[in-house]
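First chain A sits with chain B, and in the next complex the same chain sits with chain C.
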Partner chain A sequence: MTAVTAIAYNTVREALSRRVVLLFLFGALVLIILSPLFSFLSPREELTLLKSLGLGVIQLASMFICIVMGISLIPAEIERRTIYTVLSKPVQRYEFVLGKFLGGILTMLFNILFMGIVFFAVVAWRATPKQALDLWKGFMMIFFQMSILVSLAIFFSVFLTPFVNFFMSLGVYIVGTLSSVTESLMKGENRTVIQKGIGAVLHYLLPQFGNFNIQNKIIHPETRIINEGVYYIQNIGYAILYIAVLLIIAVIIFDRREV
Partner chain B sequence: MRRLQLILAVLALWVLSAALQTAIDPHRKQFEPKVQGLFGKMTGLPTEYIFGTMLGFREVVAGALWVRADSFFHEGNYDAILPIIRLVTWLDPHNLDVYSTGAWHIGYNFTDTEQRSDRRYLSAALKLLEEGVENNPDVYDMYFEMGWMWYDKIKQANNSVQWFQKAYEFPNRPDEYSPGIPPARRHMLAHAWEKAGLIDQALLTWQDILQKHEQYYQQHKKEYMAKVQIDVAKHNYTLTELRQYRRYLKQPPDTQPPIDVKFDVKVRVVEPKIIEVSGTVDLGNYFDEQMQKVDFRPGRVDVVLRDEGYKSSILPTDEKEAGEVWRQKVFTFDVPDVTIMQEQIAIIKGKFKRKIDMSKDPMMYSFKAPRYVVTVRFNPLYAPPQTQDRIGWRGEGLTDKRYLRVDQVTTVDKDGKTYTVPVRRVRKHLLLTREQLLSGKGEAVEYTELE
Partner chain C sequence: MESAIKIEGLTKEYLNRTTGKMVRAVDDLHLEVYRGEIFGFLGPNGAGKTTTIKMLLGLIFPTKGDAWIFGKPIGDVGVKRQIAYLPESPYFYEYLTGRQVLDFYARLFGIPASERKKKVDALLDTVGLSRDGDKTLRNYSKGMLQRIGIAQALINDPELLFMDEPTSGLDPMARIEIRDLIIRLKQQGKTVFLSSHQLLEVELICDRVSILNRGKLLKAGKLDELLPSGRVEIVAENVSDDGVIAKIRDAGGIVQRQDGRIVVQQPDDASVNRVVDIIRSANGTIRSLIPQRRTLEELFVSTIEEVEKK
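Let's look at the complex of A and B:
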């Protein structure tokens, strides 16, 4: 086992034993299971609501799990001083950051899969298994969206306190979901140069979480999307690039930090 | 040195991600609502809804709002539903049920105390469906709903044909969750052709429907509805063909010679804002004794009262210059401040009579104009089949010494091809003044300027 995988393994083990993470997971599962309560609507309306609520719950729960987990992945090690033990061994700091990140996204993967399987079963039960098949695209995009969020929380955690990090990560996530707003600010005809500049900075500098919100297509499978596959590949590429940017900066800062 | 390399790598990766973002932007719009300034339009909503939308949970917020609208509907709080319909279609422009239920609600459920629809809202219902079509061109639903609104609510089947044709083009829907048209809904196209007075097109459509149903049955032999549909389509085809033979082809046809319906109408103001419409469409005596015994009703007359000079092609007034004053450029719930009352009165033994009370709904009937035109007509295209057996689909077997009007009814199909048929109707326009309506006294005089 390499240093990175060992750190990742321990991170997953620790994260899954944290009550707050399990609490979000449990809450999300309860909501997903209760979602067929909309059976008073027509079958199609019920399915629309079921899918939108289920995907929304998974995304929201994942977001909170990500932030709550991500903000403490490195600071907790520093606070407990276990980081000294780790770094005293032949482990590079970048390996430590990378291990923490991998552990974080594996935890997310586990959570999304767990909620996803339950949700898949609920949709297959209320509608048809064919209707449920489309959900995997949504789970995949939520996973990549959350991977960026984990890397963002890790990035902030190397120079911010967990309390400040929580609000910073949440704030960047919210602004990042407003991709269309920042884009229109940047490209709008009636904008001043300053407004356009702010729009461009927000649009290109901050991670665009809005790219990954593809729920509408899953909720309404009849919608025709041009080059759907290309869009997903582009977004996965974007996620990988952006994660790399955040992790490299985190490593640069963490390298210079005295622990 | 290593640090510098890392910084350069960050810059390179960031430039790449920005380039990728530029490529992603145009595609992302396909997954988003096409509404500018959505957040500004959400003013007044509870904070959690706005917050949810900001977090990217548009569909969840739309779903929650729609459930709320459903509860408002059951409480009878119709006014509260309107802004919700608008918001939900903004948040989730692919939510078909909101468009179809919303348009039905706007078009049908705003009524006066005697359950007459407020026709001023039809413009909003049609505009909402138009938006639904624009945002969902790849499903049959919105085309069908638009067709239905023209066919059933506005009762202009000629304008419904092109929409039903577009819905008809979709493949069969195997279950309620899949896209495509439910096979039985194809029948509406044939019915629309028939009610537009184009019988040959109706017969051709029934033939095509039969073929499609039979193909469907071969693939779904266990579905009893697949067989039932074949039987219904066969029955309708045969019946239409038989009726065509009896009404037009055999010699002499059942529709000849034309019967004089001795059409006439009287409109009296009996109390303030209450009118009594009465008159004659003498069809009753031409049916056999059995029909007379079961209190046979040969149809209804349409009655419309509106401000003088308000010409709208979606009212059953058949005015030659009636324009598209009803058409909204941008969707709005604001209705024009005009008085429009539309009603149907059943013909019983050749006569019709009804008191129409407009006194209880001042919002709907504001009576601000100085003069009002009342139009009463009998339209063979929407008459029951037993009446059409005598007068024909297009009124060939109907005549009147004073009020016979021969209108050219045009149907434009989905490819822009036009079909025009003459339709013989009886129609009379009358004039009432505001003073008469408010004083509760007076009788309408004939108004000849519209013919």
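Let's look at the complex of A and C:
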């Protein structure tokens, strides 16, 4: 495990020194800090607007950081040949992939926490303790959603170029976010068998990112998630399982790849 | 002798995407490198040297054939604890400092933190980068990067080092330092697999060499065997008599007159004593007697040319 932690630590250090990552982070922080200025748009529902804007910014910035970072985690090592000096040491290829993934999600954790703390500071004094606590549930779900996205970008990166991977990861994220659409495509009464089949494949094969979006509940506290605890456990379990499957396939492919 | 590397029929084929044809980068290579020797792996660009090294390190996979390092099949992670690799023009994490990058590689070996610091300091000192250890690598010159590359290769005190052009980009002083370092490693009982274009350097430090061209092994052996001596150059003074010179020529010597001296090229060892006797009996003075051998460069060029003509 020492190799995995060393690679993860190095990955975090590299990711946080990348200008593009810092640019997204900085841009998001500026928007979050300035978000109270937009309250004139809806003076009666200032808190609703703040939460909506803040959570949206955190999710969008996280998604871009995640994809931009994730698509290059392994290809950059191959392109600049740093992988030679790593894989010629006693490092198994699965340890390399795992180290890169752990580094990726730790970077995301840092980014989401940083944006979350700033957002919390902006919103907390306007909200009730329960509403403030709900924000952290939202951050947690964004983190698990991004963890799946990191593993997806790593999975694609072992056989696709970063350019293609960018659009694939973004595309899958968008389709996966619309899980209610794919579900209706699958179950709709006036659909053909082919349409239902495509719907089923998309619904079950692609990660259901949409299930991690609990912004609606946070923005509108009057809405409730039935069996909230079970909902979180199920979705976190789903994320862990989905990540495990993606990483196992990525390792199998990467194990056979020449570098 | 115990073998450090054993290669049997190693072959690597690539698909050339532009022509759609298979290209054989390494062709049925058989080679054995013994423990404790410096082995020179020579060949022109594209000969298959780096491909062979990458196969031995498990970075790419052979199409055919087998190879073993210290008796274990290539790709065995355990054996990687005993080996090290210095790639040609090594690239490192440029956002890290020299110290941080060595610390990272030490972590990959699971070296504990207390030991890591001492090891990193000692290695920076060995490669002459003690004062630059806290600079980020993006501020390093090519020579400094090469030195860091050597330091990372020594982090695990390896038994076998693969060095791909270790003196590339270095100034003459640094080259001498690296050459001395390689000799010191041999004195410590380490095996060095040295791929290089610096033929003079290889000739100076290698015990055995091999020459590869278009993936095929053309020659391999000890330098003494590949570069046999035989020709001897004798420089003598006070020999001007034409009769004496004629006698030397009769003994097989090729004589040239230079500023009151004669320079005799004897094609073989056997007649050297006869020529020396002729010069001394004519009251000539022997100034030098130097056995000449073919240089590695000459051998390399003639070997490659011979094959290319075919």
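Heads up, the rule we're going with is that the second predicted complex is superposed on the first by the 245 of 259 C-alpha atoms of A that agree within 3 Å, B and C clash if a C-alpha of one lies under 4 Å from a C-alpha of the other, contacts with A are read in each partner's own complex, and residues count from 1 in each chain.
Following the convention adopted for this analysis, a contact is a pair of C-beta atoms (placed from the backbone, for glycine too) under 8 Å apart; a residue touches a chain by one contact, two chains touch by 3 or more.
Because the structure is a prediction, the values reported are computed rather than measured.
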*Where does A:Ser17 make contact in the superposed view: on chain B (first), on chain C (second), on both, or on neither?*
second
*Considering only the touch criterion stated at the top, classify A:Thr192 as touching first (chain B), second (chain C), both, or neither.*
neither
*asked:* Under the stated touch criterion, name the partner, chain B or chain C, that contacts more residues in chain A.
replied: B
*Look at A:Ile248 in the shared chain and tell me whether it touches chain B only, chain C only, both, or neither; answer first, second, both or neither.*
first
*What is the shared patch of chain A, the residues that chain B and chain C both contact?*
none
*Where on chain A is chain C touching in the complex?*
2-3, 5-7, 9-10, 13-14, 17, 80-92, 256, 258-259
*In their shared complex, at which residues does chain A touch chain B?*
38, 40-45, 47-49, 51-53, 55-56, 59-60, 63, 127-128, 130-131, 173-174, 177-181, 183-184, 203-204, 208-211, 213-217, 219-227, 230-231, 234-235, 237-238, 241-242, 244-245, 248-249, 251-252, 255
*Residues on chain C engaged by chain A in the complex (per definition of touch)*: 54, 57-61, 77-78, 80-81, 83-85, 87, 90-93, 95-96, 104-105, 107-110, 149, 152, 156, 162
*asked:* Using the touch definition from the top, list the residues of chain B that touch chain A in their complex.
replied: 3, 6-7, 9-10, 13-14, 16-18, 20-21, 23-25, 27-32, 36, 39, 52, 54-60, 62-63, 66-67, 70, 92, 94-97, 136, 138-139, 175-177, 179
